[in-house]
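Below, chain A partners chain B and then partners chain C, in two separate complexes.
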Partner chain A sequence: MKTKKKDYSAYAFMLPALIIYLSVIIFPVGYSLYISLHSGTGVGGMRFVGLTNYITLFQDKIFYIALKNNLIWIFLTVCVTMTVALALAVLLNNKFRGRTFFRAFFYFPCVVAGIAVALIWRWIYNPNIGFINEFFRAIGVDFSQTWISSEKTALIALFVAALWQAIGQPMILFLAGLQAVSVDVLEAASIDGANAVQKFFRVTLPLMRDTFIMVIAILVISAMKVYDIVKGLTDGGPNNATQMLSTYMYSQAFDYNNVGYGTTIAIVMVLIMLIVIIPYLSFTTKNN
Partner chain B sequence: MDAIDPLTEEFNAAHDNIEVTVAYYDTDGIKDACKVAAQAGTLPHMWFNWGGSLGQYYVDNGCTYDLTAYAEENKWSDTFNAGALNLCTLGGQLSGYPTSYNVLGIYYRKDIFEQYGIAVPTTLDEFDAACATLKENGIIPVSTAGLYGWHVMRLLEQFVETYAGVELHDKMNSFEESWDNEAVVKAFTKYQEYCEKGYFPDGFLTADPNDTIMATGSGTAAMDVQGQWYDGNILQNELDINNFGWFPFPNGTGRMSAFAEMTQFNKNLSDAELAACVEYMDYLYSEEATAQYGQYYNLPLPRNDASMPEGQPNVPEMIETSGKGGTFTITDQAFPTEVADVLFAAQDAIYGGTMTPEQAASDVQAAIEAYLAK
Partner chain C sequence: MDGKAKKTAGMALKYIVLIILAILWVVPIITLVFTAVKSKADFFSGMSLFQMPENIAWDNFTNAMTKGRLFQYMKNDLIICCLKVPLGIFVEAMAAFAITRLTLKKPTAWFTFFLIGMMLPMQVALVPISIIYNKLNLTNTYFGLFYVYIGFGISNGILIMHGFFKGIPRDLDEAAYIDGASKWRTFINIIFPVAKPAVATLLITDFLATWNEYLLATVIINDNKLKTVPVGLMTFVGEHGTDYGYLCAGVLVSVIPVMAVYLIFQRYFVEGMAGAVKS
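The block that comes next holds the complex of A and B.
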């Protein structure tokens, strides 16, 4: 009987990728877990405190505010950003004069740095000389808001600014998905008597299933990580009304020098992400 | 940048063996950037910093060069004024090269005060009355911006000084006395009253503190709590310096809030590197450099022989007044950042009507206790 000869060269080819994966993913995650069990400033020595950081975290009211804000952000991102991006993609998939310009126009904010978007929108929201309040004044409407300075409106105002920036990427992905839908299938549906709405909901959308899976996963992950626009526009304020897990983690680790506690927040963020994303991907892949 | 870039270029050209590269950050950016660098072990040869709790972090964590022996050897006491050296001495170490000593007062638009017949306030009641008159006439009394909390804090700490007085305020700042007391409640109540009466610009909580000069410059606001460097800002913005006067906040104690700025050096510097760093700093803060680029410096320099800047009339008055009346450490340098952030959140919440002054005082004290328990 012939035994199959093992080809060890395959392992050699995998080695560089393995080294990179271990050094930039596995080691930092493991080290972060280690740090989260310690207390210290990150510069001097670290003191082992066991699960104290985790216990403190679950008693920390700002953590719950940040968690609630992240969950609201995820909900808004999946519902609003995805719907608007899809609507734009459908519109821009039609043939009309200037189509390329409008595709670039709606994609453009996506390439602007988040911190620059924050600066732009800070001026748009300025209650005294900002575009929105000035616009209302110009059309004779007596309506003035302190958009990002009010605890009631700050999070939504922040989301609108983020929406302006974030719409481009899912729009492009949906556009690609729409263009991948076979014209033959749509024609067959027309021959069977389907109208435009029926074709869209019964043919186009089901055929874009893979695109939806990807877009939703990307949007949920980016919503969980949202940082720069919050930092630049409100710095988590007023009174933590726009505090996110990422901004709170940063404040704890780098502003307050509580590196162990900040890392604990990071670990919890990753766990929440895994709890949301793994069942989602496993469910959608299984049904595929 | 307008001063440091050309001066650094000149310095580098004159020194074959030294090459200085400068990285710029804004006020809050540099605080974050240096802490990240400290934790990553990548601090530069030298970095700008403030005194108090902000500079203390680097001393506590062994990041800074202890300049005590170097200063003694090079007779820094003959060069720098004692107060500045004292403010740069943290944890028993001289932890930085003093670059400025700053005192804060109320800058005001003289023309607006004159137009509405407002005299410079000498009591809190007169200050209140001045604000009321300005508001009635469509002028925002105080230009402030709360994005990072510290600009709004400058007025709040004056209310604390007013109601607490010298002894209690100093003890509160060194955590010997509780912040959960009647004086702090009164200070927050006064701040709440100002918010409710609309004495600050709409939406000030998330406005950038670097922009407060826009309102005073355009005349939509009449006052701004600023340090003596504001004369330089007025000139940089090509505003008429004659329209701006100042007065110490009428807190009843006569004290102004104060803070120091310095350049800290990396503890790992060799003797040659330290000498090069000091030589660069001496060049940057020479009389010639400050005379040429005066509006970009916080003048006067914290030196024994420092001259007052030309064309900045409020500077000598402020320095002289602070010398006579005394100073207290500005709150965000007296507090560690995590306590200061709780104070800033309380300012936000009081403006938003979601927190009472009593709760604010209690929250600040709770944050202090949590910090001390670490």
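The block that comes next holds the complex of A and C.
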């Protein structure tokens, strides 16, 4: 009788990645769940408190402010960032001189560190001699603001800085999507008498459905995670006007040493993200 | 209006929109450069933002590099990148090789399992990592930092390598096995070299992501001697919040290596990203 020798080589190849992945991602996530049921500073003296942290969180006004800001951020990203990125992609999809340069140019802010971008904009928004107020003064318009230190304007000012940086990735994805729209179909539409606008809305956009879904998913996920630019520009201030779940989590866990509470915020962030990710995954796997 | 005139008008409109957007997008970069070359005195003299000073304040740059420790931060960041990026890619390639080409019971399940990391916000691992690192004395070590970086890069790396490996014809491995090559040899000598385009894309995007990473670095590193560039840049604000010339010089210097990498390898970004859509 001959038994076939089992082949374990696949597991051997996977082992290094698996060990790192389990120790950095999977185990800490489980550990986070555990910590979120405790109170204490993390260095010994953790006390089991059950769901107290979660109950406190759902009564915490700042949590709702942060959640609202994240939702506004998602809304702005999907509406504004996506529209500008799509417009740029359509413009840069035409053949003309300098096209490669413009693509590289608009993508460039993406490769700059979020913190560096935040610091550049901190200077642009400087209420005394920053670019924007100087500019308004130069053209004689009385529109000087304190931008990032005013509760009214801080979130929008922050979003503008983020927009400057974030346009490149969706733009490139849209460009790839536009190139996948076959020329034959567009020509057929022209022969049938469709004009450029009709062709764009009736042919190109529907054919780019998958690209749209991918871009929206990426933008929503990154809007939920937004951190560096907020940290570098306002750190959640003034008076929580730009507080996000990510900054609130960090300040609770590391500035105030409420590790249990901070971790609870992180777990809730994961749960909220699952609401976006599960439909996206089921959609993409169905398509494949 | 006849067709031709209409077309020209359309083209002109497109150019105008493009130029307006380009001007809006270039303002921050110009502001950065014009500020970086000004001394503190230039600001007090009420010089306009877009006026070049008579003497370029090179001091800003030398101060940022030495007194601001930017040179040290860049060295640290480079060490982390040189450890994280190649090791990470190799480990990811091995796993992707196992999933796409070796006998596994449920390859798709494994693949999906490895993708979970992409969906999770880093925040969810921060507290556990900092607790574990405190116990193991891994805070303020290069190893501690690049190890978690590899962990957080695994999902994306496996996704990209998986997509590429799937497209390599099976005949290639089979020919190697017939010639008596082991699985390891086949991976090292045949499959990994063929995947050069995917590796190149990953090298560059990983390098930039690692170079720019801020959140994990703040949690794991607080020793000034070991800080990476983004964490180091934040110290500029606290110490010299009012000296914008110095601050902008620091930001500019920190951006230059990134810009160099970007300009040299620019096509990999566009092609790499486009590839991700198709797969």
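Throughout what follows, the second predicted complex is superposed on the first by the 251 of 288 C-alpha atoms of A that agree within 3 Å, B and C clash if a C-alpha of one lies under 4 Å from a C-alpha of the other, contacts with A are read in each partner's own complex, and residues count from 1 in each chain.
Heads up, the rule we're going with is that a residue touches a chain if its C-beta (ideal position, glycine included) is under 8 Å from a C-beta of that chain, and two chains touch if they have at least 3 such contacts.
Just so it is clear, the model here is predicted, and its values are computed rather than measured.
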{"item": "Partners on chain A (chain B, chain C) - clash or fit", "value": "clash"}
{"item": "First, second, both or neither for A:Ile25, with chain B first and chain C second", "value": "second"}
{"item": "Chain B versus chain C as contact partner of A:Phe159, first or second or both or neither", "value": "neither"}
{"item": "Touching partner for A:Ile277 - first (chain B), second (chain C), both, neither", "value": "second"}
{"item": "Which superposed partner A:Asn239 touches (first chain B, second chain C, both, neither)", "value": "first"}
{"item": "Partner chain in contact with A:Glu134 - chain B first, chain C second, else both or neither", "value": "second"}
{"item": "Chain C versus chain B, contacts on chain A by residue", "value": "C"}
{"item": "Touched partner set for A:Thr211, first chain B, second chain C, both or neither", "value": "second"}
{"item": "Partner chain(s) touched by A:Val259 [first = chain B, second = chain C, both, neither]", "value": "both"}
{"item": "First (chain B), second (chain C), both or neither touched by A:Asn94", "value": "second"}
{"item": "Partner chain in contact with A:Asn126 - chain B first, chain C second, else both or neither", "value": "both"}
{"item": "Residue range of chain C overlapping chain B upon superposition on chain A, of 131-139, 167-175 or 257-265", "value": "131-139"}
{"item": "Overlapping contact positions on chain A, where the chain C interface meets the chain B interface", "value": "42-43, 122, 126, 253-254, 259"}
{"item": "In the complex with chain B, residue positions of chain A that touch it", "value": "39, 41-44, 122, 125-128, 144, 146-151, 154, 233-235, 237-241, 251, 253-259"}
{"item": "Touch list for chain B against partner chain A, complex", "value": "31-32, 35-36, 38-39, 57, 60-63, 146-149, 201-208, 215, 220, 336-338, 341, 344-346, 348-349, 351-352, 354-355, 374"}
{"item": "Footprint of chain C on chain A - complex, ascending", "value": "7, 9-14, 16-18, 20-21, 23-29, 31-32, 35, 42-43, 84, 87-88, 91-92, 94, 102-109, 111-116, 119-124, 126, 129, 131, 134, 138, 164, 167, 169, 172-173, 175-177, 179-180, 196, 211, 214, 221, 224-225, 227-228, 231-232, 245-246, 249-250, 253-254, 259, 262-263, 265-267, 269-270, 273-274, 277"}
{"item": "Chain A contact footprint on chain C (complex, rising order)", "value": "10-11, 14, 17-18, 21-22, 25-28, 31-32, 35, 43, 48-49, 91-92, 94-95, 97-99, 102-104, 110, 114, 116-117, 119-132, 134, 147-148, 150-152, 154, 158, 183, 187, 208, 211-212, 214-215, 219, 229-230, 233-234, 236-237, 244, 247-248, 251, 254-255, 258-259, 261-263, 266, 269-270, 273-274, 276-278"}
